[in-house]
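So that we are looking at the same thing, I have put the structure below in structure tokens.
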């Protein structure tokens, strides 16, 4: 999928769609069904919802010969698009055994055949943009599917293996950390129109930064373990007020997927439960934990602007990196008209920005201007920590 | 299974175990996994938990050569037996995609082979009693499986069919209702020791009843519809205080599975969504609704003692029938020692007694002394109404 | 108030009304306002609600010259009489600083003057019955006021004293316990019409009892402490399933008002926090605890029928005594028409019966047929334990 | 209090302390006690907590002769300072009838006498800073007390009057709105060290702003009413996703304190319930509502930086004004050591910034760099709307 830009739209479409199937290949049918927590959707729901997106926004309004696969699916697989009518409440997704996996695969084939036929004729600019949104939307769900599959398997008392060779267990060569210094001044951030980007990362605009330092390396399990061992989870001084409530209410004592087995820390990865590997970047932590760790270390998280400006000077792409920035509109941001306008803008409150990408991000779906966002307590993404400080 | 009493224990065991498999035959794998509400367990959980019961109480303590199928299953499939150690919290059963259906079928085969081998030698009285409890326990879960399968399918927006010919759609010939009069006096109720019975229905004991009348027939959908149409769900005078809160909080306006489609009442049954059949006995109502209906009709529900004494004079077995009796110990009731003692006694508070049996009850698992029990708001059992009055 | 039966109705009324004021005499104005938990109402609410009862059911329908004190009070001080229209939700009572205590005292005086005037002429039987219900209703609230005042003061970190000489600290002479044996047979329980009684305790009716033994004495703090010290709160075998959930959710380890101070058990009483007095009857326990204690002791709680039949043979009146009986209608029970019909009947589900009376019960407000009732987890009444067993 | 800067510290202290008493002067004792919702504290709690602050941070560590008024108060009146030990959970403040208002007034007098004595000798810089924090802290609570008193009285079904002449009913002369244009460029915001400021508004730092327009006037009730009448609360397109959930869950249809009486909109103010005055600035709205209104008007809220830069060009001080900025640390922000460090920093997540001041703000407690903050759904502050747009 590396050269996706050089493919025809039809080839790009097929390539993206196939990747969703590839991700699910190691699953048992039962794994496609469950929703253990509100934020984790059943894999079969992802497969159907991404299909519904193409059916609803491209085929039904633009292809007169298209025959809807099943009108009831519209109700079931709408996620949060209020414009498109009532939808199954998110908490109930895991209660739906039907449609079955086989029926959803048939739905995918039905829609894919129609899209292929539709793309055999030239399409206009507006449709190209919708198609690109649809493919990028599916890539976002591919990343979510890996989060959700990991959550489903990793919270099962049997700790089943997803597959032996997987994104989670990539090698991380040891590199000495160092502080990258960025001088005070006016900078420019944000996405221009030279290639695809979401509305929330546009447009390019000027900002003013004070002088700061940012780490060249991510925080490792080893450093994070020190935070735990020196009482980091017991000392309220490092934590936001909301974080302290969250931590006490949920009895949080370590990152998600860490387990103390016979007094030794283990980590569940997609290849099973293993002793903690100290020199890997810490993963699956909340903003609350990232921020508390930074306080413990006497530093802070970078803002998203600081991150973007410095991003050419360090390696990124292993962990989504929490920033100290809330998810808010850029100057001049306007929501698009219609359902597509619900894509990003309506989430711009009560969430924090993550920058970079992760080992679970599909190839070709990352760029330095990309703005990911989650609530401060969320831990199932492949999230990590990079530290900064004003100097 | 009609002549189960004349079979050998090994044959009885196989017959009971096969019936669980038969119930699941129409299901898709996905249907085995979900838990849409706390009170509805995934079918694969029922299949495994009933198997765990035989493994835990018969094989492991009594068969030295038995090799446990998977020690982790002990944790996963214990339901509420605190004596047996920690267990998966009930609300999380629907989050477990593993073990898969195939793995659970292998677990059943493993245990069934061991039990068959174990039963090839004579067993003592105590083991016969445990075996009988195990088989009756599985029969109870067979009935629950039908409730749960109906809930899983009947709350899916696609309203899938379980199978066309099923217990839900039995014919009910019209019979004129009449009042059966029982004179005042001393009566005897409860189960003796001549055949299997649960501890909660024992022992035989005397009671004193005032003169009363009890209906020969169950309340029909037609009569219940009158209750709705005359404002029964809007008039607090018919309802207990707790019932009125429940009704308002949950916006209850009709029995479970009733749907108003284009101004016509429909009912979901195991063969799909159909227009309401008026002369069937009303089904899937809570104690609160049964009691409110009785108040609307100017009558009341019978006590469990009244029901049992009159039960030889009317047909029963189509609907579990709510009584005005709370689930409490009979005189002289003692909990058994050990985990088996947790079977019934610890539920003897905050529940109401239902008497009779339902179309979903396995053959051979009903008798007039049987005491079923649920919380007053529960509606997924095949529950109905028979009225009584003091005269 | 001892000779209340020989007083005129007007004198009885004044005597009852004065007692409510007497109970509140030691309070600060601030104490009248708070509602620390749903089940505890502000004392000023009790003072006003009991007044509202006379205004609504006696003065407004029957005294043409009566001028309503403040029409808004009707909304504020209705408790649960749905017939009488909307009301302030119970949870919000503690949010109402107005009307003030002084305003409520003026409201009481206004209504008392009108009732006195009204009673200066003869009244008919129906009005006598309403007046008796109103006075008994106020007496019930007098008892509740003592519960609620104790809860308000006893849960304050300052542990303020209500008054030094109070009902809580009555002397309990030591008397040897013994088992009272009641033979099997037909008995009669329930209230006849010779004097005032609530609808729920009527009518006299026959019951059949098996032979049983019942303790002559209440369980003491000393015995209950043994239950605690031998691990009673840690051993699920003694507890109902709902009880075990309640105990773990709320971290219950001792009766309400017991505090472990410097490793010594103390008890808050209306005269403050004191070391536990071992030979007093245990107080402020839930049905769950009473039942668990009985299981630990190898006995059980009596049924309400057993209690009533044996009640002439032992002293009672210090603690409301939990029974093993759910609160259900007696044979032939019919709710009265109109709002008075809401008094008792609509609570006849999900509650347990207590028998006897307590040190907080107003003089003249107890009789052996009286049925008190609370949910199984309630602990703020002056509730205790008497054991029984089938022999 | 205008010339507070020219007073001695002792005079300043007495002036600030007296103002708290003045605010409570119209209250009945009952009004001091209640906590109708989590975010509204009892007035007597404010009176005591502000006193506790001086006792804990100034007297106890610095005045050897000081005798603590009552050691138990430390537990009761700590608000959220984890450093200072356990505290009464915020939800339980309204359950505490004791200490009484009179006792708290005695506590205030005790502490005030000691502080006056303490201030009769010169104090060092660090103590001056603590004293200033304590006085500013009390001023913040004075503003909160007015919010809370309004909430307590305004949610009482009797709609009692606080006093006839009050801050709520100030005259607002009509002034034509106009757009103030601010050119693109580098600006400087934040508080320098020339006078008292909180840590969260420091330090002065450069920012870059694009060209924008900001309204000279606040949004009026009249404009807001148009938003309601044209269906603003029914159209999800104007609302954040979280906002839409909040609005549906809580059935929000208008600003707090607006009531539709006989089809006419009324507003509760501190002088009672009156018909809505159209040309007043809209008040008591959440960030969610402010943001939805802006979307409906085709504009947006200003950022806090935009607000501060333009603030010299418009009148402000009537309503706290919601901004589009999340409450986050300024560049170089460091929490102070110890309990004082808990003052602001730990709230820097999940809250939005409000700028300006309100009619309830004490004189001398406002400046253009002041950063107020609340969760997005909070409505009991005197909050309003000023619109902006990028041009």
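For reference, chains read A, B, C and D in written order, and residue numbers begin at 1 within each chain.
In the analysis below, contacts are C-beta pairs under 8 Å (C-beta built on N, C-alpha and C of every residue); 3 or more make two chains touch, one makes a residue touch a chain.
The model shown is predicted, which means the values in this text are computed figures rather than measured ones.
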Shared chain contacts [chain A and chain B, defined touch]: none
Minimum number of chain-to-chain touching steps separating chain A from chain C: 2
Equivalent interface to A-B, taken from B-C, A-D or C-D so that over half of the residue contact pairs match: C-D
Most distant chain from chain A, judged by the mean position of its C-alpha atoms: C
Centre distance in Å when chain C and chain D are each reduced to the mean of their C-alpha atoms: 45
Intercentroid distance (Cα basis), chain D paired with chain A, Å: 37
Whole-Å gap between the CA centroids of chain B and chain D: 57
Residue numbers of chain C (touch at least two other chains): none
Chain contact graph, described as a line, ring, star, complete graph or other shape: ring
Partner chain C, residues of chain D touching it in the complex: 28-37, 44, 72, 75-76, 88, 92, 94-101, 152-153, 155-158, 160
Chain A residues within the chain D interface of the complex: 80, 82-83, 186, 205-208, 210, 236-237, 239-244, 287-288, 291, 295, 300, 324-326, 328-329, 331-332, 335, 341, 346-350, 352, 376, 390
